[in-house]
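Both complexes shown next keep chain A, but they swap its partner, so chain B is in the first and chain C is in the second.
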Partner chain A sequence: MAMLTKIRRHPEKWSLFRPGDRILLILIGILVGICSGLAAVALSRSLFATLHWVHSFHGSWWAFLLPGIGAAVSSLFLNKVMKEGAGHGVPEVIYSVSRYGGLMRLRSSWSRLISSWLTIGSGGSAGPEAPVVMSGAAIGSNIAKMFSLNERQRVTLVGCGAAGAISAIFNAPIAGMVFTIEVILGEWTALNIVPIAIASVAGTEISRFLQGNNIVFDHRQFNIGFVDILASFGLAVIAALASILLTRLLRQMPGLARKAPLPIWLRAAVGGVIVGLIGAAFPVVLGEGYHSIQAMIDGVFTPGMLLVAVATLAKMLATAFTLGWGGSGGIFAPSLVVGSLAGLTFHRCLTFIWPAVPWVDEGCFALLGMAGLISGMMQAPLTGIFLIVEITGGYEVILPLIIVSAISSTVCQYIEPASFYLKELVDKGQLLRPGTDARVLSDLSVHELLERDCICVTRNMLLRDFVQTVQKSHRNFFPVEDEGTGRFLGIIHLDDIRPYLFDPGLYDAVILEQIMDHQVEVVHPEDELPDILRRMDERRLFSMPVVSNGRFLGMISKATLLDRYRQELRVQTQFIA
Partner chain B sequence: MRMTKSEIAECLNLPASTLQRWIRQGRIPIQKKGGEYFFEPGTLQRWAETNRLPFRFLENEPGVKAQNLDGSVEAPPDTLFAAMQRGGVIYDLAAEDTESLFSEALEKIPGVPEDLKPGFLERLVQRERLSSTGIGKGVAIPHPRNPTVDSLERPLISTCFLKKDIDFNSVDNRPVFVMFFLLSPTPKHHLHLLSRLSFCLRNDRFVDFLKTRPAPEDLFARIADVEAALDHKEAF
Partner chain C sequence: MDAKLFHIFRNTPLGRETLLQSLYFCKQADATPVVYIPRHTKFLMYFENDVVQVDLDTSYLTAPGSAENHAAELLSDNGMDPDFFQPKNFTASTLPDIPTHFDFMCCPRSISDLSSKIGLGYIGPRVRRIVNEAHFPVLLTSGVFKPWKRIAVLFGGSANALNALKLGLRLRRTSGMPLVVYTLLEGKSEEDYRSIVRQAHLEDDFERHGDGWHFFEDGPIEENLYDIPHDALTVVGAFGHGLIKDMVFGSMVEKIQSVLPNNLLVVGPKYTSLV
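This part shows the complex of A and B:
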């Protein structure tokens, strides 16, 4: 047993892994992919069963209370039992990857599964994808911890978890891979792509093994003409506007909810009841909505143009009330539903205005609308394209699909520079993508940049003795300390006192306290580098003394910073064999 | 291979905190097990090369510590005593003008290769034209304009007593009776020796001693004494 533990702790000792850690990462990646695939299947199966069961109550007058109860229990579970914040899941994973090298809590690997099952299963308008991504990522992170891997490997395994989860829930390996690279990691290297691809395969395979190889939204052949391609430009703009609207609603709602003087679980209940009421009028908004999507793609979604347009808005509101008031879940599935409703609305507008034109089936527009919404919400055009191709099994729509995804994400980026997932992180300055300025500056600390070769002098030193010190020093700065306490008092810059240095008449007449700079701008070791650099720029300084608890530690200078910055950038972007 | 963190940091010329972070983030091919750090020397060497970081193993000989990053070994600065011994002492230079004095001296100074002499002469004269090297009290320190071209391997100072005092446009307009030819391979050597020599010459008693045109052994003994005193003073 001790032997086994030893092997597990130090896998690099196995002779198989001598050539490097790639094989090791791939093997662990398979394990992570399987585990997160299982989590995804578990959630989607239990949701399916629960929604079916809850559906039987829909005739009752009190059915609108169900989403409220579900959201309240979910909120209680997450906040009081698990002690985790609400949140959507994906931003938390991105934050952990940026800031903590992918470190995540073990309980995160299942807490979101339960809370989102409660929210969505009872009819709340949210998606199971983000919870599954978070769960998969936490599984990856904790498996990495178990094997005592380093941060780079851990981040790759977090990516494996996310990829496995998305692949399993949508039966879409490429979408899982692309989503992970584009949204979660933001980095595409030869080293991380292979384990993530393998994990996607593992996740997909486990889902196919357990629930069969089904394309999520099967459909008939679409015959796409030139007019449809033209129309897709218009749809792209509609999808972008819908994305912006949904993003804004989701962002404003928590602020509104906080104004309600209610405990957190009661707020979730209120939100859920509102969703239930909307659902009584438009059943399409309830749950994750995959059934409605299928109906729309098949062209059997009956309501007319105005009704569909109102349903689109209703779904957005329902999603905002579910997630903004404390329910738990993601925006993936609601985006798909809103997208297909928007596509349908657009198609009905077109047929209303130009009834003579032979438009393609409305299902095709529903499908394009989904791609537009996903690309717009996440500002991830590749994810939109590959996800829709894979979940619909429709390669023939690829051309309008690319147009809609590209334009929708561009328009959204123009209006909202940071996507829904990243907005909060960007605002807090916590989005640190690999190889960027922010990443390098946040990794370097003041301690690593300290220059300790300054010679300290005391305040009562005569200028004559100081001249001797100047002879020995390589630096232009001389920190002045109190001889008794060692407290930092100020600094002497050679440039400031040059005239006195060559005046022997002053040698015995001046002590250092009289010529030092008392009002010196200092840096503390905990200060953030971007902040320090800003202060240097504002005051046109090239170096600043670093002082901790009144003691001088060293100097920090732009010259050393440039040196270390380049070194860091090279090391971070360099591919490790 | 196993080393402590601070040893590896020193090998790579990095702050220990940076190294620790890189190991934690997995940016450097070093494994941490418990408190110990393992690596394959070849892999780490290649990694350091691709990242353009200096990498060298520390050795325990104290001389190697002074090694520069590019691998060259910096010689300890020469003593005045050694440089003057190499240059020797020449008595009774007879020439009457600056240029012929220089060429006569160069002929007699030991250790200057024949093919370098024309170059040295030209640059000694060039330097003299810029401003006189007569530093006063009857002493001149002629040196080439640019010490680094076609240089000697080690610096030397040749002490040349003149047969007859000559006018040298010195700062104090006093005629010169002794010249110290200072030929050095680098500016650093040049400044080091020049500063030591002028320290000696600041002392009027030393100048009076020179006026007696002492024998080489006496001169070197005196230089050694002064230099020992100077070293003692610098140490504090």
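This part shows the complex of A and C:
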């Protein structure tokens, strides 16, 4: 038992792992991939069964209440039982990776699975992918914690969990891997790419073992001509605009919901009922919507152009009401549905305007629309490309797919510089991607940079005594403290007293209180370094006193900060290399 | 005075007692209180290798309008400047992150339980995880404010107990209050325990600042706790036995806390001694 505990706590001391931690990470990555794959399959199968069961009630007059009931129970479960904070999952994972080295709560490994099952299973317009990403990431984080792994290794395992989950739910290992690197971690390094790839394979294999090797959407052959490639430029712009609209709706809706003076669970119920009402007119908006996508790809989605266009808006509204009013789930699947509807609308517009042109089947445009929405919403073009290629099993659409994904993400980035997942983090300054200034500075603290070799003086000290103190010091700053209380009163800079130094007649006539600077800009130990640097730049200061509870602790200077910055950067880039 | 004690304020009579106890502790330990008035019933603490979610009961949100004034009043009555903590980072909109760089943290015993069990009860799983992961010791206050006049260190010879002794000696120096060490022999000799202190290079410090070492020769710890003075701050090392042993025999800290109503200062395995 003791030996097992020792191995668990210090796996790096086990002879197998001594040559390096890559083998260790790969092995644990497989475990994480399997666990997150199982979580994804569990949610996927549960949703399949529940949606099938709920579908039998759709003829009833009260069916519109079902999404409301599901959302209310989901909200109660998440807030009262699990005591989780609100959120869609992926931003929390990115936040945890950015700020806390991937530390996540154990409860997150399953809480979102149940809450999103309740929301989506009852007909709410949301996707299961973000919950499984959160679940997989939390599994990775907690396994890393169990083995007492370090921060870098933990982040990699969080990535393994996310990759395993996406790979399993879509049966798409490359998309899982690319999504993790592009969206969650934001860095490609030799250390993390291999375990994440292996975890993707493990997650996919688990899914194939339990559900069969089925691609999500049946493959169809598309004969793409030059006109279709030209048309894909227009579709990219449409997809980008749809992405922006959906992003803004999703951001505005929680604010609107908060204005309703209702308990959280009742708010979720109201949002769900509205979705139910929308769903009564447009059933395509209900649930994850994969069946409708298949119908669109197959070219058997019957409503006309105008109805499809309205259904696109309806799906956006339904998603915003589901997620913004307190339901649980992600935006992956809704983006795919909105994208395919947008693609279909665009195709029908083209055939309406130029009926003689031999356009490719509308199913192809549905695929391209999906890629455009995914790339636009997440500003992750590679994820869009690989996901669509893998979930449709077709490579022939790759050229227009690249065009749509690249242009859509570029246009979105131009209008909304941060993606849906990152916007809030960027606004709060909490997105700390590896290798960036913000990340390096976040790993340093004021305490680490304190220069404590300053000589403190008192306000009643005579200039004569002070001159002797100056002779003993190699610094230009002298903090002034109150003799009785020790409180920081101000500072004397050598430049400020130069006129007095060369007039010995003043030595016994001037006390420091008369010449010290009382209005000093100070720093507190809990201040963040980017803020301190900004203040130094604004006021053209090279160093500032650090004061805590009215007492002087030391000085912080740009020179020391730069020195430590370089050291920290070296450590971080050493890991990346 | 650079040390800081983190206190979660509850705007109730019970919360007032707890804050008074924290303020008294700060005066003796030469620390500054940092008071957090919660706006949500939960918060997260990210440690080096664990993240702990603390779920408060709704009494922590009582009368938020007057909470700050009440706390400020108590602080100024004790000659301290109000230093209210405002969370900067949030994992979710209703889930603030609380930093973990403090030197002490006051965990009222109801932090993981209902107030019906205040006073005596058990150390909840959250507090246990905080103690296990934190670099700071956790102060579990008595139900009603009671100034302590001496320091009692419960020393069982483990690494955590050594940390408790170091902390006790530190408090002895800052507060000037007498320090007595209590040890349950558990089949070993007095010399065994003295040699542990010697090997940790604490012997001289203890000779200088310690005011006695009391050995309990037999009986379980619960039966000997009556000898610990009622007005002593009890410093104890936590969870030194490992999970399995704790599960089978029960944790020593749990036993002490359920019997002893004194203020308790619990030192975990990751405590960074300032001695």
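Keep in mind that, in the parts below, the second predicted complex is superposed on the first by the 575 of 577 C-alpha atoms of A that agree within 3 Å, B and C clash if a C-alpha of one lies under 4 Å from a C-alpha of the other, contacts with A are read in each partner's own complex, and residues count from 1 in each chain.
We take it that a residue touches a chain if its C-beta (ideal position, glycine included) is under 8 Å from a C-beta of that chain, and two chains touch if they have at least 3 such contacts.
What you see is a predicted model; the values in this text were computed from it and never measured.
With the two structures aligned on chain A, chain B fits next to chain C without clashing. In the superposition on chain A, no contact is made by A:Cys454 with either chain B or chain C. In the superposition on chain A, A:Arg152 makes contact with chain B only, while chain C stays out of contact range. Once the two complexes are laid over each other on the shared chain, residue contacts for A:Ala240 go to neither chain B nor chain C. Between chain B and chain C, more residues of chain A are touched by C.
Judged by the touch definition given at the top, the superposed model places A:Arg570 against chain B, while chain C stays out of reach. By the document's definition of touching, of the two partners only chain C reaches A:Arg105; chain B does not. In the superposition on chain A, no contact is made by A:Met377 with either chain B or chain C. Contacts of A:Leu512 after superposition: neither chain B nor chain C is touched. Taking all C-alpha atoms of chain B against all those of chain C in the superposed arrangement, the shortest distance found is 6 Å.
In the superposition on chain A, chain A positions 445 are in contact with chain B in one complex as well as with chain C in the other. Chain B meets chain A in the complex at residues 15, 17-18, 21-29, 31, 33, 46-47, 50-53. By the touch criterion stated above, chain C contacts chain A in their complex at residues 1-2, 32, 41-42, 44, 46-47, 49-51, 53, 55, 81, 83, 88-95, 97, 99, 101, 242, 244. Those residues of chain A that touch chain C in the complex are listed here as 1, 5, 83-87, 92, 95-96, 99-100, 103-105, 107, 145, 148, 428, 430, 445, 526, 528, 548-551, 553. By the touch criterion stated above, chain A contacts chain B in their complex at residues 10, 12, 101, 149-153, 443-445, 447-448, 450, 564, 567, 570-572, 574, 576-577.
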